[in-house]
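Next come two complexes, and both contain subunit A; in the first it sits with subunit B, in the second with subunit C.
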Partner chain A sequence: MTITLQTLLKKDWFGLLIVVILSGILITLFKPAFLSSFNLYVLMVSTSYMLIIALAQMIIISIGQMNLSVGAIGGLVAISFSGVMEVYHLSVPLAIFIGLAIGVICGFLNGFITVKSGISAFIITLATLYIFKGINLGITEAEPFYEIPSAVKNFGNAKIGGTPIPYLIIIPIIITVLMWVLMNRTETGRHMLAYGNSVQSAELLGISSSKVVITAHVISGTLAAVAGMLVVCRLQLGTPNIGDSWLLPSFAAPVIGGAILAGGKVDVIATSLGVLIVAIISQALVIFKIDPFFVQIFLGLMILLAVFINRYREYKQEASRKVFTHD
Partner chain B sequence: MKLLFSLIVSCTISISTTAFAGSSGTKVALVPGGPHPYFAAWEKAGKDAVKDFGLGKADYKVPAEWDLSQQNELIESLVGKGYNAVLVFPGDAVGTNKILGELDDAGIPTAALAGCVEQPTKAKMCFGTDTGHSAYLGTKQLIKAMGGKGKIAHFTGFLVDPNTTLRINAVEKAVAEAGGGVEIIQVIADIDAYEPADEKINAFMAAQGGEVDGIVTTAWVPAVVASQALTNMGDKRIKMVGIDHDEVVLKAIKEGYVHGTMLQNPYGQGYIGSYVMDKIRGGCVFKANAPWKSTAQTDQFIDSGTVFVDITDVDTYVDAMRGISLDILKTFDGTYLDC
Partner chain C sequence: MTKKLPNFMFTNQFGLFCIVIIFVIIFSSITDGFTSRFNIYALSRVVAIDIMIGLAMMVVILTGGLNLALGAIGVCAAMFGGWCMETMGIPVIPSIFLILGMGSFLGYINGVITVKTGVHSFIVTLATMSIYFGLMTMLTEAEAFRRLPASFTDFGSIKLFNKYVSPLLIISVTACLTLFYLFKFTDIGRKLIAAGANPDAAELSGISVNTMFIYCHMLSGFLGAVAAIMLTTRIGAAIPSMAGQLGMDWLLPAFLAPVIGGTLLSGGKLSVFGTMLGAILVTLITNGLYLIDVGEFWIRFFLGIILLIAVILDKTREHFTLKSVIVS
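For the complex of A and B:
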């Protein structure tokens, strides 16, 4: 297949890639330190766990639902992961296994209750958000776990050789590739998108709604668990506040990446670039010394812009569907 | 470490306060603005107040999130369960007054703890760290450590926290008094959550770490993350004065990466605050001529104490806070109350 500029322009991610490159050049012109080794390291670190958080939300958006409990799952896993190592002196691999298991269980509960109750995932995950956060606070009483093994701390803060590339970004890159394969090359991914596009049509095609919804939530829970553990590696402590600030960015990156909130359309590469754009903007606000009282305005404007773009995309897609129906 | 801190302080104060013990039906709810390690000492403080002063209850109840409406709902539910006195870290300096007024109408005394509400208010007092003064003293210590000149950055917490503006103004005041040799090159706020703090503080260090000479942090999370950043970088050139007693900050002081920290007194706030609520419910009132301090938000403020700790006294800081709490408690009735 020949890749032409014409085909590239049709890709959701291409425009975002241009934005990333242009913003990088623009910031570097004013602040050359932006391309310093340390800054690139910081950028990759902050991108690493946000990438997984965004993918955890993206997969739920793909089926036309929302997961408000992404941060609560990540926080619960974070304190469990660090807590079992500090209190019970479990080995790192066992602690990782427990963390992943908690993520899977939380995701399964979200999916199972949504399917069996027939209530919107928005409401179910709003409820489980409080449950998971409540368990978190019940366990920790708002006190962090500090005794993190050196291997975990080193993984979260070391660089690969003499490069600015953090070890922390290895897992997110692997997960991004796996998610791309899942959404673009597997039947499960196609079923999710079909379900998100039209529940009725998907069921007529013989796609199991229960299986699709539960699978998506289990993957989302697992990814939130991985993100929670990566944050522990980075912060070198397991604090109950982990995950509290994830909700807005978890939606921002997929939406900037062209995801349609009604479901049926997500793009892994574009979502990844959405994460990068949010990270670059956050860094730029610091680098350009924006007054702290106005930072939220800039972030809010960016989200608003992304939502308008998304609404326009939905409108265009809706219009093309109507044309197809009339034909 | 915090548990140890609370235990040592509480044991000593308990031994010294058995004379205060009585019996009452006072049931105090200690409600922070949201989950935060700073407030963890309130739980032990409440339990000790029950034991030492004969209160019916003094329970620490945490809202699931930093959200005013959630905090209000929690307080309402606690009152429904029989709590008859409320100590609250205001979720909003103005917005919290509404529920405090409703509680006062219902005959339930309240006080703002660790942060104040704006007047006019029905809160009986604001008992907390004089955050502005603490930030001012911390910045003074930083400027001294920098040799009286250089560029500093200020990392602070939630913009909705009533204390944040006071801290920003106090740091500016200390810098202004330095006579032009010191300049604030950046204020980064709203980083009282770990992930954004990690991102923004490290972005700052990457972009401006070479030109900054000092860092003052006036909120818990930024202090922890900035201490970790300096430790990870192995940078002892940049002087830093933090706040509070998180293990990460204390360890960085011992290792020489952080110059010192401004300690607050959360245990004393919860312990003495619960005692005062019981006294108010027992019929005591604040004296007309009580020696209140004034802040930008209230003129009914009582300072719960603050102290600077550096490498020379980081191992014995508990003694300093214990002394402050005992001093306040011993003289509280005579100074502030008519019973």
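For the complex of A and C:
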């Protein structure tokens, strides 16, 4: 396939890339400090874990469901990760392993109960949200864990060489690449999209519902776990309220990236750009010293705007409506 | 089966009623003070608001949608009411009408955007939730209204029926009866259900589905505002954090009550009295857990488990219950 402007224009991510570049240029024109090395560092740090949170939600959106418990899993993993290091003095790798295992178990429970009960994932994950958050508060009694090993703290603060690039962003980038491969180049990813597009057709083709749903939820849980641990590295402590505010941003990026909530259509690159747009604009609001509450309003408005744009594009493409994202 | 059992014994509500009775017996035998006058009065104040929140969510679930912005609408309405009464000095009765109007208006916005974009109301109300809440926080600068007229705040502390029941519960029960009448016996109520059950068929039979969906969202906003007024009279002030961050604290009672009560999440079937019993059950269990002293931090955990058990039981119960009952 030759790359022409025409084919580029049809991509979900192309328009977003333009928005990223234009907003970057615009903000820099008014406030050159936007491109300062400190600001770029802050921008990359906030992008790093938001990227994983968005992907954790995106994979569930791809199968036509939603996962309200992403933040609760992240919070539970965050306090377990920091808790085992502080209370039981476990080594960092072992603590990471425990954190990931909790993410896998939580995700598995979500997927297993959803598939076996046949109840919508919305209700199941609403229930598990309270269960995971309840365990979190029950263990911590709302007290944070402060004693984080210096290796973890350093990882959260360090920059690569003399550049403003934080170490924190390495893992999210690797995960994004892996997720792109998963969704676009593997059978599992295709099965998820097929399942999200039409459960019945997928089953008639011999795709196992339980396998698809459980796999997607396990991946989502694992990603939420990674995000939770990255936030611990960043904050240098494990507080029980990590994850409380993830719900809105986790949906914002995939929706801005053109994901259809009914399932069957997601785009990893567009979702990543969605994260970047949200991060740039939140950052700009800080630079221009705008009321922090406005960030919230803005995020809501961005989602609505994205919804309207997607609707308009759908209307334009009604005739040649594409099902999968071809890359 | 030789003898035919009466129909009502196979309804969801009857089963739920039995569960409520069982819990009352358990809690009153193992805890002290569950049946004390103070506790029953406190329960009636809490349950009244939970019923209202449940009903507000129920009318949107009827369309097959959700209203995540319910808590945000409630807080906005309450804060608007506080502003009307405290800052503007508007008398109580006109203020109440203004609050209800505010709730309906915010619901109307949700409805219009949902209908116009054709996007699932989950994402629309997720966005409006943060917009409403953000605007409210900016406009009020997160300051509470604490000097409300005494006639307004005193209402929440009146005690009726030998000091056992709060008048708030009477409002909730009246709302249940009104909604039951609306959905069971009126033309518009039946149209709302038809639109939720099968939008295409409803459209073909001459019902404007879009208008009906907007009505449902408005009704949700209206009931949310009623719940907010009740909560404001109970705490005696309009506080921005009265429903938690972004109003999310309302979500669990909002979904628990209708789902336990047998309202279908896919839309088109609802149970007003089921929602009421669902709210009563949740309040009873929460209260009982406090009295047993499981520790306040574990309450959320148990509520989550209860929601899970309730929906799974509900799924299995489907085989036994009457399918023909659309409104109950």
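Observations, loosely collected:
Quick note on the criterion: the second predicted complex is superposed on the first by the 303 of 327 C-alpha atoms of A that agree within 3 Å, B and C clash if a C-alpha of one lies under 4 Å from a C-alpha of the other, contacts with A are read in each partner's own complex, and residues count from 1 in each chain.
By our rule, a residue touches a chain if its C-beta (ideal position, glycine included) is under 8 Å from a C-beta of that chain, and two chains touch if they have at least 3 such contacts.
This one's a predicted model, so the numbers in the text were calculated from it and none came from an experiment.
On the superposed subunit A, the positions of subunit B and subunit C overlap enough to count as a clash. In the superposition on chain A, A:289 makes contact with subunit B only, while subunit C stays out of contact range. Touch criterion met: A:38 reaches subunit B, while subunit C stays clear of it. In the superposition on chain A, A:137 contacts both subunit B and subunit C.
Of the two partner chains placed by superposition, A:26 touches none, neither subunit B nor subunit C. Judged by the touch definition given at the top, the superposed model places A:244 against both subunit B and subunit C. Looking at the shared chain after the overlay, A:94 reaches neither subunit B nor subunit C. By the touch criterion defined above, A:113 reaches subunit C but does not reach subunit B.
Once chain A of one complex is fitted onto chain A of the other, the partner contacts of A:18 are absent, as it touches neither subunit B nor subunit C. In the overlay built on the shared chain, the residue A:177 is in contact with neither subunit B nor subunit C.
Touching of subunit A by both subunit B and subunit C, each in its own complex, is seen for residues 130, 133-134, 137, 141-142, 244-245, 291, 293, 295-296.
Note for the complex: subunit B touches subunit A at residues 1-3, 32, 35-37, 39-40, 43, 62, 64-66, 156, 159, 185-190, 193-196, 198-200, 202-209, 221, 224-225, 228, 232, 246-248.
In the complex of the two chains, the subunit A residues touching subunit C come out as 66, 113, 117-120, 122-124, 126-135, 137-138, 141-142, 244-245, 247-248, 251, 255, 261-262, 291, 293-301, 303-304, 307-308, 310-311.
Contact residues of subunit C toward subunit A in the complex are 66, 113, 117-120, 122-124, 126-131, 133-135, 137-138, 245-246, 248, 251-252, 255, 259, 265, 295, 297-305, 307-308, 311-312, 315.
Those residues of subunit A whose C-beta lies close enough to touch subunit B in the complex are 31, 33-34, 36, 38-39, 41-43, 45-46, 49, 130, 133-134, 137, 141-144, 146, 157, 231, 234-237, 239-242, 244-246, 279, 282-283, 286-287, 289, 291-293, 295-296.
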